[in-house]
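Report on one structure; see the data block that follows.
Going in written order, the chains are labelled A, B, C, D, E and F, and every chain counts its residues from 1.
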Amino acid sequence: MLNSGDTAWVLASAALVMLMTPGLAFFYGGMTGKRSTLNMLMMNFIALAVVGVLWMLYGYSEAFGSDAFGGLVGDMHNVLLHNTIGMLAGSKPDQISSLSFVMFQLMFAVITPALISGAIADRAKFWAWTLFVAIWVTVVYFPVAHWVFDFNGFTDPNAVGGWIANKLKAFDFAGGTAVHINAGAAGLALALVLGKRKGWPKKVNRPHNVPFVLLGASLLWFGWYGFNAGSALSASDLAAVAFTTTTVATAGAVLSWLIVEQVKDGKPTTMGAASGAVAGLVAITPACGYVDPLGALVIGLVAGAVCALAVRLKYRLGLDDSLDVVGCHMVGGLTGTLLIGLFATSGVNSLGGNGLFYGGGLNQLWRQAVAAFAVMIYSFVLSYIIGWVINKTIGFRVSDEAEVGGIDEAEHAESAYEFGDTIGGRLAEPALTAMAKEPVAAGSATQKGSAS
Amino acid sequence: MKLITAIVKPFTLDDVKAALEQLGLLGMTVSEVRGYGRQKGHTEVYRGAEYAVDFVAKMKIEVLVDDDQADRAVDAVVTAARTGRIGDGKVWVTPVETVVRVRTGERGSDAL
Amino acid sequence: MLNSGDTAWVLASAALVMLMTPGLAFFYGGMTGKRSTLNMLMMNFIALAVVGVLWMLYGYSEAFGSDAFGGLVGDMHNVLLHNTIGMLAGSKPDQISSLSFVMFQLMFAVITPALISGAIADRAKFWAWTLFVAIWVTVVYFPVAHWVFDFNGFTDPNAVGGWIANKLKAFDFAGGTAVHINAGAAGLALALVLGKRKGWPKKVNRPHNVPFVLLGASLLWFGWYGFNAGSALSASDLAAVAFTTTTVATAGAVLSWLIVEQVKDGKPTTMGAASGAVAGLVAITPACGYVDPLGALVIGLVAGAVCALAVRLKYRLGLDDSLDVVGCHMVGGLTGTLLIGLFATSGVNSLGGNGLFYGGGLNQLWRQAVAAFAVMIYSFVLSYIIGWVINKTIGFRVSDEAEVGGIDEAEHAESAYEFGDTIGGRLAEPALTAMAKEPVAAGSATQKGSAS
Amino acid sequence: MLNSGDTAWVLASAALVMLMTPGLAFFYGGMTGKRSTLNMLMMNFIALAVVGVLWMLYGYSEAFGSDAFGGLVGDMHNVLLHNTIGMLAGSKPDQISSLSFVMFQLMFAVITPALISGAIADRAKFWAWTLFVAIWVTVVYFPVAHWVFDFNGFTDPNAVGGWIANKLKAFDFAGGTAVHINAGAAGLALALVLGKRKGWPKKVNRPHNVPFVLLGASLLWFGWYGFNAGSALSASDLAAVAFTTTTVATAGAVLSWLIVEQVKDGKPTTMGAASGAVAGLVAITPACGYVDPLGALVIGLVAGAVCALAVRLKYRLGLDDSLDVVGCHMVGGLTGTLLIGLFATSGVNSLGGNGLFYGGGLNQLWRQAVAAFAVMIYSFVLSYIIGWVINKTIGFRVSDEAEVGGIDEAEHAESAYEFGDTIGGRLAEPALTAMAKEPVAAGSATQKGSAS
Amino acid sequence: MKLITAIVKPFTLDDVKAALEQLGLLGMTVSEVRGYGRQKGHTEVYRGAEYAVDFVAKMKIEVLVDDDQADRAVDAVVTAARTGRIGDGKVWVTPVETVVRVRTGERGSDAL
Amino acid sequence: MKLITAIVKPFTLDDVKAALEQLGLLGMTVSEVRGYGRQKGHTEVYRGAEYAVDFVAKMKIEVLVDDDQADRAVDAVVTAARTGRIGDGKVWVTPVETVVRVRTGERGSDAL
């Protein structure tokens, strides 16, 4: 039977996760220069549009249909969302509306490619990126989501789910592998395919709007409660556990990132606080339903410190992972996925297990490692190929002029801001000419105060 | 006619304005500029990457004055803008050939 | 009996819809010039205040009381929210708290007048606008809401609801007619009453803060899940259907708007993506609980393209509908309301029906058309009259000086931003004089580091 | 038994209240000058991190454990959140997950210290502030929360709760005393300890980003539905009552603040609308579950007017309560707490009572006054001592140079914005040197379009 | 060579530009400045505290011209920028010794 | 004393600064301006309405130098700012009568 409380929570969670993509847009968009912020916003926003359509057409089915092609993807049983309307999902007696699950999972499929965009800030052709998103979700995300998120019998009593969830039995409560390691590895691939920005690292722009970065991080944190606690797919104690561990780990990661900054740079920064929050959220994502609050604190503290150090490596490596997709999401995702092997405890989740420190030995750790590296390698290789082919065919990178002059103007014919007295801007001739030819609308000429 | 141009620390603007008013100079034009010189800039840090900002925020003040008031005006600005610390700025004087008040078309001293 | 899951969803939805009005404020506020952005924010924000009070006093009763005055409005049974506290609404067995419904519907009454403000950006007197809002909701919105949203027996077993919902039986799940066509027609009327801005269209300001536009659009999208899926008034499969169709249509509209831009202007823009999202959301609003996902996609694609073309007409028409309330809301609302006649399917909603393409013939289409045009004409005529009277009496438009110098300064004595080194600003004398006369507070003089 | 609808609502409310702290950060951050906005954002954001960790370690137990130390605080039964995982809270039959309550209450513990920060804008050392937050919640907030929010038997059938809730029986539905009077009194203490900003009041910065102020106020309003309606701890009619009174009072306060401005200053401002909303939200917080909609309207109207007048006093008092924590939160909190004594009605809440105007005499009013002043004095004295000690030991205030040059640069080594063409910024030598020594990453040299 | 500097009301810029183009002067450099003079600033109010903004937004226009065009250019600017109300601004002329076009290194009139 | 004013493309600022430092010129004042000339502006589009932005972002650099250094300084700036494409900008020299260092009151060459 449909449990209305559970369904309400899943619907609310789906809305919360939807908000994460705009949140990410602002988190990233604030870090770019002011002449490329719109492009960054658009790279994120377009993921909502593209994946929103593909998910309905075939994506949901590819991810959550019953095993097909030897378990690579789901079958086509749910194309166009067939067999979901009016259906229930989950195990009896407390079930949720299938479509609420469809929408909840869609939002994961949207934000994952959006995450990648940070690796190639300021330099990607917008339509090439849009094409990349469409191909990437089809070839990388939907399959991986099938492996990780599709549990036997959840969407349908007879459905056979993916290998990581059901055979390997690695734990990934809300997407440490499918979302973060996946996006991080893809970001690495694209940063390599597109290469460094002109002048990087000597002439980089500092973040043009740090308040936007914090606004984005805050919306991400807020939405992440849907992501993590919503992944319980019920308004249950398990959801509250995930909510708690998410909060504690994130708080810990903010502190440890700031402490690393204090030690290494002498000052705690706003960028650091925002980044620490994201690092903590990333790391606790796979673990949030499997660890207790103390375990969550350790995971958060470790993730904040590790990521704070990891983002510094790109200068040594000569890798222009512009907004640190690798340093935050791949490293953070790996941290959380592996630490489950140490901190998992069946005390918080009867379907979970025990990690090394809770008497479970190394049993869980190797499963975690296999899942993490399988997704990482699959994603990196496929993403590199997709990016490489797009680059060789339609071209992935804007011209040098566009990069120097500003990608917003070149790709979108817009400027993000006009804070000055508008200097010399005016409506261009064509519209005016059109107007001159047309009679003025009836009412306007007779109005008080109207001046031409 | 002379044009006095001053590059000063932004927070001294009110004092400079008051000092000029004391001399009966009631007009000026100001703008935000950034300066480089003996005064050091500062370093910012974003995700561990140090970012050197070499230029320092300054205020540029331009005042048109009659020839005979130029010296007094320069002194007034210098005194008002002085904090005694590096980066207090420069004041310089350039000759001006004509000044016109847009509203009336008046020229020379009358235009001020 | 009160179903706590349903009530939770309606409460959450009410909060989500509340957020839409600030979202709209930023969507609009980012499009104005920097000297009139506060005024635009205020025109939206004041709707929360004014309608919030009126709704409690008599608005809810006027909209959801039992038919009175021949069905023009509801009766006064619920004035001051009498007979709602402690009551339940909806059909048994699963009911919701009446007050949760009262609050949910309030938020619709707030955002509808707020939508109108975009038509008269930069030039309306703030108190005149405030008065307009108060009169307009009383004379236009509350009656129309009664016609469209008040179903027989919902708020009370004996209550007789409005004619569009119960007699005409036009479908409007979440407010295509009552909210969007209504606001669009009113916007058209006010744009005519107030006339063009000085210098329009030659000297228009470009949007001063496009990130704010996208932030606003994102908050709107997020909140719209409350608007549409909340309109199921239960955490049910129907809510999930509405959530799904809303998502798919919006995604489609973003794509089609951007494609129109690419074809006509050569570049896809951020303004276009944000506007496309809103167009899709508007169009799916009436349809979201009556169409299937494929129908939703078509509605979204059509709405995005139609609105992208519609916003260009104002230059030909000489109509300064400044932020395109007509082009987005009236046109989008009409698109969605009419397309229900083609795409409705009882497959998603047993209380729905079938449109032309689902075997229902033209039966539904004419009902939709009658509802749409009835609301459009009623709203346009009444709004024009109200605006005209205000303009002739207290004056609706600011002076030319205020318009050129900036309406924020003239109407609100504020500037939106101070990003420069403050030049010559200081606290004015009166406050200082007051201070000098008063003794300094005890503690402050003794504190370390305090400097006068 | 766990009621999933109630738990869903509490979880959603916890997320909403979490968002209030970033909302507050923007509300405050927009009011500062552009060279101290990041510091203000950070003072708020760090509260999430610090309190998030302490709450888990011992804070929840200190606040919601059974009476200990003569009722000053709760006992250590729930340290590390022991005895909460898998437990239920509330009275049977409809209970919620204990952890959902833990998280909901955490968010109150986060925002309360964050509120204080507005009193000492532009001048506090970041780590000193962080330390203050940690000590303050331990010594002030957790105890007061115990007194006010811990009802006998709620978290555990045998638990003995705090004196204000259970013995004094003052009404404080959502935190007028524990949150707002508490934070306001602490803000007053810190403003005295730190003293005035250099040049105050003559040379104060005007708000650098008023749209951010309104964005913050809007997020606060949105989140406040979790705060107030969530405090019903169930998706019940009482939650809907609180939602309604919150909305009506806030609407009223916006109007009355703007009217005061119109009368006294001649213009209604955006800052006023945002501040009025917050004043209304503050005042209705303690009352929202105890008054009817008409009572709520009066409370809102009174609070808006009183606070609009109160914020003007600081210039007379020579008190640099920079962003009006006292004028909005202490005054607003007192207004609401005391007006309960007049407007409470058991008609909306069977566990409530009747105030003077509803036939209850003065019985409730004195209880309200005792609670309000007890919290105010306790908080002021302890906050002053903590602040004073920090100031005398590690120092609480930044140097004069840092204050003049900008606290963002001094404390965080960042600038909030870079809207200009970056003038003379470049990556500093060390990173470059490191890079030169390292081989360039494999892929990048071979990429099309990559330029060094 | 002369440098003509004009401080004008921002919204007159388009007209000034058009007027200069009429004279065949197709180059200029503009910037945002704030001016103080006979024209009053305005008062803002934030939470009841009045805040005096003494300076008014102006546009600064700089045009390099040949000596013989200076007078006509000044007249053109003055005419185009005039609204007749206080605050219309000033135009002044200063001597310039050399002008170089960066792209080509051309000097003097050729550099314009 | 001469004042060298250069209008250059913003991204050349670092190179210009380095070139001047080579000559031992360690002070300058810069500001953001917008230029109009042979170089075309661009067109933006908002909801289908084309919006012509005629002006191009430029950087204005002002350097006070001793008379004998003026030529070398001009050459250094021109060389450093040159990209060879339209819009590289202008450099011009104007005479300065007095320069004062605010901090010390020093005048002339000592003030630099």
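The rule is short, and it goes like this: a contact is a pair of C-beta atoms (placed from the backbone, for glycine too) under 8 Å apart; a residue touches a chain by one contact, two chains touch by 3 or more.
Just so it is clear, the structure is predicted and the values come from calculations on it, not from any experiment.
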Neighbours of chain D that also touch chain C are A, B, E, F
With over half of the numbers shared counting as same, classify the chain A/chain D interface as same or different. different
Higher C-beta contact count, C-F or A-E? C-F
Centroid distance [mean C-alpha coordinates] between chain C and chain A, Å: 30
Distance in whole angstrom between the CA centres of chain D and chain F is 50
Intercentroid distance (Cα basis), chain F paired with chain E, Å: 18
Residues of chain D touching 2+ other chains? 3-6, 8-9, 12, 201, 203-204, 206-207, 209, 235, 265, 267, 269, 271, 315, 413-415, 417, 419, 423-427, 431
Hey, what residues on chain E touch two or more of the other chains? 14, 17, 30-32, 34, 36, 44-46, 49-51, 54-55, 94-95
Tell me the shape of the graph of touching chains, choosing from line, ring, star, complete and other. complete
Within their complex, chain E touches chain D through residues 44-51
The chain B residues in contact with chain F across the complex are 2, 6-8, 31-38, 54-55, 58, 60, 74, 77-78, 81-95
For a test of understanding, state which residues of chain F touch chain A in their complex under the given definition. 11, 14, 34, 36, 41-46, 49-55
Seen from chain D, its contact residues with chain F in the complex are 420-421, 423-424, 426
Inside the complex, what are the residues of chain C that reach chain E? 203, 404, 409, 413-415, 423-428, 430-431
